[in-house]
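These are the structures in question, set out in turn.
Same chain, two partners: subunit A is paired with subunit B first, then with subunit C.
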Partner chain A sequence: MMRRVKALFRELLMYKSALIGIIIITSLIILSLYAIITVPYGEVVRKWNSIEPWEDLPKNAMPSWVNIFSHRKLPETIVLDSRRIDLNVNKTIIPVSSGKYILRLLFTFSYIYDDFPNEIILRLYSNTTKQFTVQITWIKPGEIEYVIGRRVLRGYEAYYISSDEEFLKRFYTNLINRLGSRPNYDVSVDIALFAKEDSSILNRNTVEVSKGEYRTIIDVLIGEEDLNRVQIDAKLVVYGKVYGAAGTDHRRRDLALALIWGTPIALAFGLVASVTITFAQMFIAAISAWYGRGFDFIVQRVTEIFMVLPFLPILLMISYLYKITIWMLLGVVILLSIFGSGVKNYRAIFLQIKEIPYIEAAIAYGTSSFRIVFRYMIPKILPTIIPTIVLSVPDFVFLEAALALLGVGDPQAVTWGRVLEDAAREAALYKGYYYWILQPSLLLLLTALGFAMLGLALDKIFNPRLREM
Partner chain B sequence: MVAATKYATLKRLGKYLLVRGIAILATTIIAIYIVIIIANMGGFVDEIIKSEIQFSVYEAIRNNPAYRGLNKSVIESIAREVIELEIKRVGLDKPFIYRSFNYLIDALTLNLGRAIRITSASGSKQVRIIVLERLPASILLFTTIQIMLFFSSLATGLYLSRRYGSKIDRIIVMLSPLSSMPGWFYGLFLIMIFASWLGILPYGGLVDAPPPEHPLLYALSVLKHMILPMMSWFIAYFSINTYSMRTFFLMFSSEDYVELAKAKGVPAREIERRYILRPTLPPIVTQLALLLISSWMGAIITENIFNWPGIGTLIWMAIANNDSPVLIGIVTIYAYLLAITVLLLDIIYVLIDPRIKIGGVST
Partner chain C sequence: MQKGEDIKSCNPSDLLCVRKLCVWHPIRKFLTVSGYIRALDDVSFDLERGRILAIVGESGSGKTTLGKTILKIHQPTKGRIIYDGKDITFIKGKEIKWYRRELGYVQQDPYGALPPFMNIRQILEEPLIIHGIKKSERIYKVREVLEEVKLIPVEDFINKYPHMLSGGQQQRVVIARALILRPKLIVADEPVSMLDASVRIEILTLFRELQKKYNLSIMYITHDLSTTKYFSDKIAVMYAGHIVEMAQTYKVLSKPLHPYTQSLIKAIPDPDPRNRTLFREIPPGEPPSLLNPPPGCRFHPRCPYAMDICRREEPPVIEVDGTHTVKCWLYG
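Right, the complex of A and B next:
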């Protein structure tokens, strides 16, 4: 047995396409194992479908590796959190008049990218529900200072700096006073806070990032009685335009997680479906061909009924009406395909095998039907179905992706199809978020090519009639 | 004597066709019934409709000034009466099993009835009109694609079988893994390249908006919208179709009688026509017929991606709206067409393949 597998393997390696196929499939399997070992599936599903874990990630950020190919460096996300000592945060208390104090948080960061950030959000936290006034000051390189705004903090406050129209109005007035003319485009808060304030800011094409050290000062006015009791913290996130290995989606989720975890699911779905369906069809065909008569008649009619039923509409109907999970979907796919056209093909082959003399000999010395079917007939056609199994794996992987793309996939599952669906729903192609579509597509493409190349080579080895051609 | 055998053959043919016809009809009826059960979720869709009726009646009564100020219990009894009438009008007062057979008879007699929610562009709720309105779009795109794919791969396959091992042959064999991906998948890439990036072809749809007035411009606009879906299917299916056609012809051209004809010195063209094409005709005709029949159903996913207003999108709309009559209507028409085709193919087989004997050992 071992020797036969080895011989097969050696023969396979003679085909360059088979080698490529094996390499692709092996890397996908390694990726799957990595996914399964590092994060448990339940946790991935929970994380993927919640909002909090993704708070500090940018929206629709491109993968970080795009920076390698472009001389214009897109910004990474900068997170500054006063609760974490490893980050560059300075906390001081400055006394002002008569029992009043200012708690000052100073964030310092350097910004050396060529593009403006995606979004800026400041989150303020305090451990009481008492009301405090907070003033936020922004200092650009060259000591240009702006008081962006004042907020009232009660427990928790999220300050979406990027959409502060009131600051923008003040900024405009200031700018026009200084430069004497208006910018010919709509300056956003992100640009206002990061651009060089000379004549370049007036034109959309020349506006430039002022690179250097930025400081953000958060002043909280507190009374003496609160000095030791109140704990006030802040988190400033300057969202970038690139993130991680795969970028993020519209809900700030790291696509890498879905892409990595989509691999084991796609492989499992495709392999289980193709192996189960091919073997089930073969068994049914073998039994039907061997016993003939009534049983054969029933199997043939059932197969014909299933061939009339339109597969995809029925599958869509079931998954839409019953809102099934991905594993139930797998079950339904298998059930709908067991009596597929494969049964007819295999039955035709078995009918021929049945007439081969050694079967006759087996009948003559009284072998049981069970033994004939499972030991003599089925092994005879096994070689021809192995390529079929390998070749039909991509079909089921794409079936799952197609269902997800139509929006009837498992709403909880983390699959490549779901990523594609999100991208399609958010009009990623229209808005130019190509990475969002290209990455899951590329993985689908690799899977399909890997199995197809291996399958076609196997087909040539197991069906020598094809090889000569 | 000759007349007698001819008569006997005809009689056998008639009997065979009758038996086949009955078997096919039974299969079709059972398949349609299964679809009816699934499309109605075994009666669950009725519950949805019932609760909708209840909701709309209560809403109507609440908004009707004539009922304002009436006693609550009076309103309740009026509402109940109206709901009961409404349920009876829609026919939901009888048990589902009973109605499922009514649906079956309606479907079998092609009395397709009215849609629940979907309306045609002309405003009709007749399933027949809705389906007929969508049909031309699907036929225009997918029947064209299938015919073009079929004949181009047939011709290429035949050509390659004559010179297998050549460079073109090797290229086609090399390209065959492309077919492990479905047409809609290439559609995504093509939209990305030609619509989003280059901006020279439309993202999808049937015609430009607003549609051009002049018929010629209209046709051109439709043609422009057909390029990408057609291209995606060609990339996906041309190489594998050609590959299988070529292998198919190669198998037939290595038969003994072909070798004999070659040895006898029959011209190559003659061999191709009489010794290779002739015996391969039945499976080729079957393949073409089944392709054409299934092509009018459109392709749900490709139509969705290209926003093509054909039967595929209609099926999807019907599923998403729980509109079982539309769905059952489409499936019934499909099942009927398929049944008729299969029966016709049986007759055609007898006509074009002299090796098939009627009434012999049944398959």
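Right, the complex of A and C next:
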């Protein structure tokens, strides 16, 4: 047995397509193992469907490898958090007058990208519900200083700097005073805080990032009595336009997580569906062909009924009526496909096998029907089944993606199909987020390609007549 | 009444006694049966212990059906099959198992007769597993039987697959499988017709040796009268589902009675070049359709001696010369 497997493997490697197929499938399996070992599935689903873990990630960011192909470097996300020990964060206390102090948080970061950030958010945290006044100062390279806002902090405060219209108004007034004219477009806060303030800012096409060291000062006015009691911290996030290996989606989620975790799910779904359905169809066909007569009649009529049942509407109905997980979806797909056209095909082959003399010999020495079906009929067909199984894996991977795209099935699952569905719903192609659609599509195609190449080579080995073609 | 007589007429020392056996295959049209194919009609014969009975006939004469009915692969419609004094005509299910062990089956096409996905050891172990023989005994029996069919050294063959063997070797495996349960009766359905002429005699000699060694009874089904001379004790000639003539081998070959047997013997090819221009009288026509057999004697459309009565009435089985029976009006 082992020797036969080895011989088969050696024969397989003679086909280049099989080699490529094996390489693709092996890398997908390694990716799957990596996903399963590093993060458990339950945690992935929880993380994927919640908001907090993703708050420091940019929205709709492209994958960071696009920077390799472009001379215009897109910004990465910069996170500065005073709760973490960081050289760029400085916390000082300055006495002002009797019993009044200023708690000063100084964030320093260098911004050397060619594009403006996506968004800027400052989050303020304090450990009491007492009210404090906070003043935020922004210092650009060249010591251009703006007091961008005064906030009242009570416990927690998120300051969406990017949508601060009040600051924008002050900025405009300042700009017109200095340059004598208005910009011919709507300057956003992100541009206002990062652009070079010379005549280039007046035109959308010439506006440039002022590269260099930026500082943000957060001053909190506190009383003496609070000095040792109150903990005030801040987190400044300058969201970039690229993130990670695969970018992010509209809910700031890292697509890499979904793509990596989609691999084991796609493979499991495809393999389980393909293996179960093929074997079930084969067993049903074998039993039907062997017993014949009434049993055969019933099986064939049931198969015909199942073949005309509309597969998709039934799946849609089930998924709308019941809350189903992806594994229940798999079960439903298997149940609906067991009595498929395969039963007819395999039965035709089994009817031929049934007439081979060795079956008669087996009856003559007293073999039971059960043993004839499993020991004499099925092993004969098995070699031709293996390529079929391999070739039909991508069908079911595609089916899962297609069903997800139609909104059938588990809304919480982390699959390639769900990523595509999100992308489609957010009109990703229209908005130009190509990576969002191309990456899962590419993985789907790669899976199909791998299994198709291996399957076709296996088919040639197991059905030698195909070799001549 | 009739059946009682049949059983009485069986000799209890005979291994197999077949009386008025009919196998009719129904032709089904949707839910009704529109007719029958009479593959076997009124077949009666005896097979003594340790003897070889040759069943001779052209294709479609029902000889293979007869073999398969004895093997209980086909179900008989009517009649009696008495094996070793026990009526096994209609036994089914668990009761049949002891009978399966008593019979061996050697098929025509050795390659088709061996499952291609099993090696020789697995093929030979199958009957042993089915009849519940312990694992420790099995390998010993497999070796023994392979030595008997002269597939030696056993180690060279035991792990091979059927396609790695030659036709003659494959047929030896088929014989080994038939013998491994130590049966008393072997049904050999054209065991050498697919083999090269040179291998035929080897296989038949082997068969003969084994038959003598184990005192086997053999039903040797063939279309080739020339091999029966060396191999069989008794010949039954079949035509269109009937046994038309039955006697000791030498009697049939030296003094054939039925016109069909006579034409069969004439049809044996003769390698003597002096006879190359000799016209061979072969009766014209084809064997009749078994769905609609001709009335009277089934051979009459091809018979050179056909008389009026042959067209009207089926001939009875006539005993000529003690053990020589013939189904023909010529002797009536």
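We take it that the second predicted complex is superposed on the first by the 468 of 469 C-alpha atoms of A that agree within 3 Å, B and C clash if a C-alpha of one lies under 4 Å from a C-alpha of the other, contacts with A are read in each partner's own complex, and residues count from 1 in each chain.
Criterion: contacts are C-beta pairs under 8 Å (C-beta built on N, C-alpha and C of every residue); 3 or more make two chains touch, one makes a residue touch a chain.
Being a predicted model, the structure only gives us computed values, none of them experimental.
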| item | value |
| --- | --- |
| Fit-or-clash call for subunit B and subunit C when the two complexes are aligned on subunit A | fit |
| First, second, both or neither for A:Gly366, with subunit B first and subunit C second | second |
| Contacts of A:Phe451 with subunit B and subunit C, given as first, second, both or neither | first |
| Subunit B or subunit C, by number of subunit A residues touched | B |
| Superposed arrangement, angle subtended at the Cα centre of subunit A by subunit B and subunit C, nearest 10 degrees | 50 |
| Partner chain in contact with A:Pro379 - subunit B first, subunit C second, else both or neither | second |
| First (subunit B), second (subunit C), both or neither touched by A:Leu336 | neither |
| Touched partner set for A:Leu321, first subunit B, second subunit C, both or neither | first |
| Which of subunit B and subunit C A:Leu202 touches, first, second, both or neither | neither |
| Which of subunit B and subunit C A:Ile356 touches, first, second, both or neither | second |
| Nearest-approach distance, in Å, of subunit C Cα atoms to those of subunit B in the combined model | 6 |
| Set intersection of subunit A contacts, subunit C complex versus subunit B complex | none |
| Residues of subunit B touching subunit A in the complex | 23-24, 26-28, 30-31, 34-35, 38-39, 41, 44-45, 164, 174, 176-177, 179-182, 184-185, 188-189, 191-192, 195-197, 203, 246-247, 250-251, 297, 300-301, 304-305, 315-316, 319-320, 322, 327, 330-331, 334-335, 338-339 |
| Subunit C partner contacts - residues on subunit A that touch it in the complex | 356-358, 360-368, 371, 375-376, 379-380, 382 |
| Residues of subunit C that touch subunit A when the two form their complex | 68, 71-73, 96-97, 100-101, 103-105, 107-109, 112-118, 126-127, 130-131, 174, 177, 181, 187 |
| Touching residues on subunit A, where the partner in the complex is subunit B | 17, 301, 304-305, 308-310, 312-314, 316-318, 320-322, 391, 394-395, 398, 401-402, 405-406, 408, 420, 424, 429-430, 432, 434, 437-438, 441, 444-445, 448-449, 451-453, 456, 465-466, 469 |
